[in-house]
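Note that the chains take the letters A, B, C and D in the order they are written out, and that residue 1 is the start of every chain.
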Amino acid sequence: MRTPVTVKLFAGLGPKGWLAVALAALVGWVLVPMAHLLLPEGHPLHVSTYAITLIGKILCYAVVAVAMDLIWGFGGILSLGHGVFFALGGYSFGMYLMRQIGREGSYQSDLPDFMVFLDWKELPWYWTGSDHFLWALFLAVAVPGLIAWIFGYFAFRSRIKGVYFSIITQALTYAAMLFFFRNETGFGGNNGFTDFKRILGYSVTAPETRLALFGLSVALLLGALILGRVLIASKFGKVLTAIRDSESRVMFIGYNPLHYKLFIWTLSAMLCGLAGALYVPQVGIINPSEMSVANSIEIAIWVAVGGRGTLIGPVLGAGIVNLSKSWFTTSFPEYWLFFLGLLFILVTLYLPQGVVGAWAKLRSRKAAKPAAPAPAPSVKAAATPEPEMPAGSAAKGASA
Amino acid sequence: MKRIFLLLSLVLGLCATSVRADVDPAALKALGADDFDAKSGAIATLVAAGDADARRILTALSDDALAVAGERIVIVAGDQVLDAATGAAIKPTPASPESISLNNSLRQQVNSALAALRLLSADRAERLASAKSLLSDMGEGATLLPLLDKALKQEQDGEIKPILVQLRAQASLASPDAALRLQAVKDLSNSASPAVKALLLGLLEKQGDTFVEPDEKVRAEAQFAIKAIDSRLVWSDLSGRLFTGISLGSILLLAALGLAITYGVMGVINMAHGELLMVGAYSAYAMQGLFRSHLPDYVDYYVVAAVPVAFFAAALVGMAMERTVIRHLYGRPLETLLATWGLSLVLIQAARLLFGAQNVEVANPAWMSGGLQLAENLSLPWNRLVIVAFSGFVLLVVWLMMNKTRLGMFVRAVTQNRPMAGCVGVPTARIDTLAFGIGSGIAGLGGVALSQIANVGPDMGQGYIVDSFMVVVLGGVGQLAGAVWAALGLGVVTKFLEGWAGAVIAKILVLVFIIVFIQKRPQGLFALKGRFVE
Amino acid sequence: MRVESNISRNAPADGQQEHWDGEASTGHVLKPGELDLSHNVILYLDDITVSFDGFRALNKLSLQIDAGELRCFIGPNGAGKTTMMDVITGKTRPDSGKAFFGQTIDLTRMTEPQIAHAGIGRKFQKPTIFENHSVFENLELALKTDKRVKKSLFARLFGDDLDKIADTLRQIRLTDQADRPAGLLSHGQKQWLEIGMLLVQDPKLLLLDEPVAGMTDDETERTAELFVSLKGKHSLMVVEHDMAFVEALGGKVTVLHEGSVLAEGDLATVQADQRVIEVYLGR
Amino acid sequence: MQNRRTFLKAAVLSASIAAIGGLSSSAYAADTIKVGILHSLSGTMAISETALKETALMTIEEINAKGGVLGKKLEPVVVDPASDWPKFAEKARQLLSQDKVAVTFGCWTSVSRKSVLPVYKELNGLLFYPVQYEGEELEKNVFYTGAAPNQQAIPAVEYLMSKEGGSAKRFVLLGTDYVYPRTTNKILRAFLKSKGVADADIIEEYTPFGHSDYQTIIAKIKKFAGEGKKTAVISTINGDSNVPFYKELGNAGLKAKDVPVVAFSVGEEELRGVDAKPLVGHLAAWNYFMTVKNPENEKFIKMYRDWAKKAKLPKPETVVTNDPMEATYVGIHMWAQAVEKAKSTDTDKVIAAMAGQTFKAPSGFTLKMDETNHHLHKPVFIGEIKADGQFNTVWKTKGPIRAQPWSPFIPGNEGKQKL
């Protein structure tokens, strides 16, 4: 790959990649819907509503995982706050869904039930326009983006790195969760939003609507993957990974890491927001527990399991972890946490590059030639120390 | 306690046989009834009688020793059953007497009555005790007025007399004689008790458009008295608030101190820190169980025994963690973070399977229950006082260990320059394990402290992990002093905010404050400066 | 705080051109980015003091480097050589004193990237290169171009860029390694690569911290040749312990001791200097 | 690299779909009636909900021992939503659409109920909800066997205001900051107003979930109580925070006789985790106490003790029964009766048959399922906590009282009492 780096979209993926995309699109937009609508229930290939909602949900998680991979896998910044952006997207779109309920709530009021209940006479200012689909969609992207930008700008400007950053993102999530738990906040307290009726006038429970949402999830995921791939192939991607590996060097050759980090960080948050917006109508509820510290950490786990800095890995990770969760919690609930815990430990210890990395290693061993270096950092890369040890980052701060 | 009462009642019972004044059987019967007013009336009549029999029955009643056996009311004293009316043992013992239960208001009525009766007792200590107990809760005192007068007349003791005056004043606030009431209010104005204040406020209440207290002068006097009392209450109020802050701070400190070592000094992001607290707490629980079953007489000291046990239990778990997992992740903080999070999940579930999902019961030992009464409205709970002291002790130990022992020196050496330390012959690997063990052990100690104020359950640790990290980060990594200031600071600030904005907002504000603070001083309160070559 | 605000205003995003507005506050009005060498001096350090928790790493250090000069720095460990470089490149802020690049550019007010743009390149003691990128990519990243996010998203390499990279590869003798991950290079090669990364930036002033550490004699020799060849076009500051190498470079030598200049002159005179012998060569 | 990705992506989709197939493939046997049990067995709610799962299994076994329903055995399907609200919805859908259960017994928190509601409405399933809750809800597909506010909160307050209860004049409404406490307190505030209590004599305090430091609040209560008139605290503090609250209360020297605390979410199960000594005399209001004396209850307790041994629960000798367990027990039996009556497990038929069902409950009363509002008529007990963590009933209603899911104390609820 001596060829100069250019962002030719198609160069971004290459024929096989595009084949894969087409394949996925085919499955997501044609096969699954057909299997769901045409085949009778009980037919071995029939895809049930349950399956559709479950996979739809996991697809949304997968998008979050990809977003996380961009910031962590390629930017080397571990965020323990991505749950917030996901939830914010969900809430923004949830507001629209709540408004769509109209007068069918149990209080037959124009206001959402929980507001009637709090004796609110009209909508609080931040609900204005929430009955417009597009506005809600815009919010779902803009709100997480804005929050991320502000938070990121200050954090990165003060050169908060590595663990420090992770910890304050954790504080952010925690604070946000408590804030949304409050009833006065105006987002339904810990019950959050639920019992949605329709979206753009279509009933949320209609199979067509479900399939549409499912298709959109597939589209979003593919979009995220392509975007990620292209970004990483571009010079931007190279600078990003360079920052991950040696930030000071990057600075001394004249790049300002602040803006690179800020860009990818905000982008990642926006992706999460979109995923959240798609997640809510499919799952039928959004509430503050999505912002719990544990959830955000789990996102990191999906990425770690699938393989950092591999884009496709996180998708796998999200799938593996969530499906096994669904399965374990049915088959033997008591051991679910053991499994999850051990998964974290073993992956971090023995699969620093996750399943994808491991698989690549196997193949390269078979082929007896080194695995392609970029964009997936070699296993050695994962083992190289994080840019800053805590004490180190303290000193960076001191000199800032 | 219960024993003493029973003895007392028996003694009284015996001497009563000589001077027999019959107990009103109707009243006795009513005690067994299921009707509140009947019971309350019966108790009143017994108090009025005020003789030994009445006293015996009331005592029994307050000890839940009074019971209904078929038709008669009896007192259950250990394995024998006495006739309530006569105090004579009943042969043969009637089968399964139904104990008569009191609800709060009846119990209060009985207790204050008993206390009042005991004012006449010959034993000074007993008189003093009962006077004091009446002071805190006399309830509707008017009925006791005659008794108090009697007591006051024959009371000579310099300590008891003023209390009686107070009591009498309280009781006579309701008396029809305005002069008497005025005097009463005057007497009360030099009290410092919120209860008294409450009484006086009662006088100023309006019922309809007429005041409860008709007399203008008395009301004015009451106003004055209330001001006087308030001025006494202010000081203790403030110091009380400060103490709550310090107490919370000490708890945050205990929770974070272990982390200050594992993270602060060794740079290990231990997300399982909370679970090490849990291990400590559960070892306290285990010790309690052990003492209850084997050393019932010393059960109050299980906490003391729990301290070393918790330390070693947590230390062992910690070292195991270090050996098996963390050791392979040095220099990769973020991976450590994930792996230890996994560890924490495993530990939580393990605790669930071992002790059940349900929280377990850990009791404050007697010497840690109740509070130290500094003023009428300021009592510092013993368990919190002890914990504040304990955190100071732990801090001292840690400081000594890190700065005055060879081990501490090694730890600092290794964490500052591993290869060099290795070269000069420091067994780095072992030091790592030990250091981590110590950090974990200290977390265990924190767990013991927590078990005295909060839940002990499988996921108790989750609640502290964020706070602990905040304290360490805020204090400045690797800075014990920093951790201390951060913990106390956070404690006091939180409490101040809580008083003003409520618990929820307070918590949010504190977190936001931390985030902002880190922006300004990423190195925390106490900076490490120096040149760092990459 | 003053610094902070300045940084945010001078962030390269509005970088290359505009960031001199920040300087306007100091009263200098200059054409954007122009380096004023009117007095033929490229770097002034005046009375610089840096202390870490009481320890004075730099103690009233003053010196100046002429345009196109090749200056060597020697001195025992802890003499403050690296700290000096940290100050010049903006990594460490001096507690007091001035650091000017040319007549007008106040280094103590700028962030690392800004300084890099102004034309100061630095090579670290321990070679720091991007181990996961290929040698080619390392140079590509270092290449002197617009380094803002916007541009980086749609950046292309044009002929002359490619030529420049090709030349540099030849200069540092890594042409046939171009596609290997830099992490797989030998120590010496890494040193060369890092030097190469400096060259493609073509800075006016190069700071080189122990550039030949871990090089074979042959490599060392070639490095010396390279530096000498750079002399004139660029100004170089070389920190080195290897006296042979210093000798090979020729040019003026400055001896640092306890954070300030102990002696200055050509190697011979310096080595003759009594104090120097005591503190340094003596041992 | 590229073809790796191709392969992987194909793998993802096929794998996931296959996995889903696996999940759903639980054979549907015609000779049994499937009964779903939807309680968290892991996560934060496991503390409370595990016991309900056990009760449900026990009850089902009891019914099967008597020959089952419609001559078929009941087959329990247990799933674990892991205290994760969206997962509740997912599992509910699985129970209804994959396992085809005839009825589901489950949920504890309001949010979990709210999360599954749409699913049950969509697929016309049947849910029995066994926990006391805030009301303000009435759904065709749900039967509420727990208490509505007027079957728990209001009687408790009436008791406190009575001479017998210490004729309290001022009230501290204390709760964890979520919907149940907020609603309950809103209703109570309105109720107190209607009883002529001035706003100045009521304070509301809320704490975050898992709050463990009650010093400030206790201080507030002390101050408030010190301002004259008998004060009582009405606590809707959520499970976990109760221990620190009561410990603080005990040590701060606030005795039950001075400032009684009546709690709506503290029962026998919660008290197992507390040293009850400092709590003695404080109150709780429920529709069932383990200490209630009657043959049904003795039978119920014995049955559960035996079950605990059989199911190898930790410390089987110490297990206790509580209100939600009783509610579960009653619910399952009533459902079974209704099925027998309807001669079918069809949701609508069963719903119709449920109306007016009666059952002699362990509480010692014969409970009736209201004809119109899907709530049980329940008796109310007020108990004082004893040192052994059990309750000493100090007051109880003469008979079962009808539920008012739509509290008349909330404006706009008039005439909303039936479906």
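To be clear about the criterion, a contact is a pair of C-beta atoms (placed from the backbone, for glycine too) under 8 Å apart; a residue touches a chain by one contact, two chains touch by 3 or more.
Note that the structure is predicted; figures quoted are calculated from it, not measured.
K.L.:
Looking only at C-beta pairs that count as contacts, which pair of chains has more of them, A-C or A-B?
P.N.:
A-B
K.L.:
When you average C-alpha coordinates per chain, which one falls nearest the overall C-alpha average? Tell me, please.
P.N.:
Chain A is the most central one.
K.L.:
Name the chain whose C-alpha centroid is farthest from the C-alpha centroid of chain B.
P.N.:
C
K.L.:
Would you kindly tell me how far, in whole Å, the mean C-alpha position of chain C lies from that of chain A?
P.N.:
41
K.L.:
Which whole number of Å gives the spacing of the CA centres of chain B and chain C?
P.N.:
It comes to 65 Å between the two C-alpha centres.
K.L.:
In whole angstrom, what separates the CA-based centres of chain A and chain B?
P.N.:
Here chain A and chain B have centroids separated by 46 Å.
K.L.:
Just how far, in Å, is the C-alpha centre of chain D from the one of chain B?
P.N.:
Their C-alpha centroids are separated by 29 Å.
K.L.:
List, in ascending order, every residue of chain D touching at least 2 other chains.
P.N.:
In chain D, the residues touching two or more other chains are 42, 177, 208.
K.L.:
Give me the residues of chain B that touch two or more other chains.
P.N.:
Residues 349, 352, 504, 507, 529-531, 534 of chain B each touch two or more of the other chains.
K.L.:
Could you say which residues in chain C touch two or more other chains, in rising order?
P.N.:
Counting only residues that touch two or more other chains, chain C contributes 86, 92, 124, 128.
K.L.:
Per the contact definition, I'd like the list of chain D residues that touch chain A in the complex.
P.N.:
So the residues of chain D touching chain A come out as 1-6, 8-13, 15-17, 19-24, 41-42, 78-82, 84-87, 89-91, 93-94, 97-98, 110-111, 114-115, 117-119, 122, 136-138, 177-179, 182-183, 186, 208-209, 410, 412.
K.L.:
Would you tell me which residues of chain B are touching chain A in their complex?
P.N.:
That would be residues 263-264, 267, 269, 271, 325, 328-329, 331-339, 341-346, 348-350, 352-353, 462, 465-466, 469-470, 473, 476-478, 504, 507-508, 511-512, 514-515, 518-524, 527-532, 534 of chain B.
K.L.:
Please give the residue numbers of chain B that touch chain D in the complex, ascending.
P.N.:
36-37, 101, 103-105, 107-108, 111, 137, 194-195, 197-199, 201-202, 205, 237, 240-241, 244, 247-248, 251, 349, 352, 355-364, 369-371, 373, 377, 379, 381-384, 452-457, 459, 463, 495, 498-499, 502-504, 507
K.L.:
Could you pull out which chain A residues touch chain C in their complex?
P.N.:
The touching residues are 1-2, 4-7, 157, 231, 234-236, 238-239, 241-242, 245-246, 248-256, 258-260, 263, 373-374, 377-378, 380-381, 384, 399.
K.L.:
Which residues, counting only chain A, touch chain D once they are in their complex?
P.N.:
My answer: residues 13-17, 19-21, 23-24, 27-28, 32, 44, 47-51, 53-55, 57-58, 106-107, 114, 116-117, 178, 181-183, 189-192, 194-196, 205, 283-285, 287, 289-290, 312, 315-316, 319, 323, 325-327, 329-330, 333-334, 336-337, 356, 359-360, 363, 372, 376.
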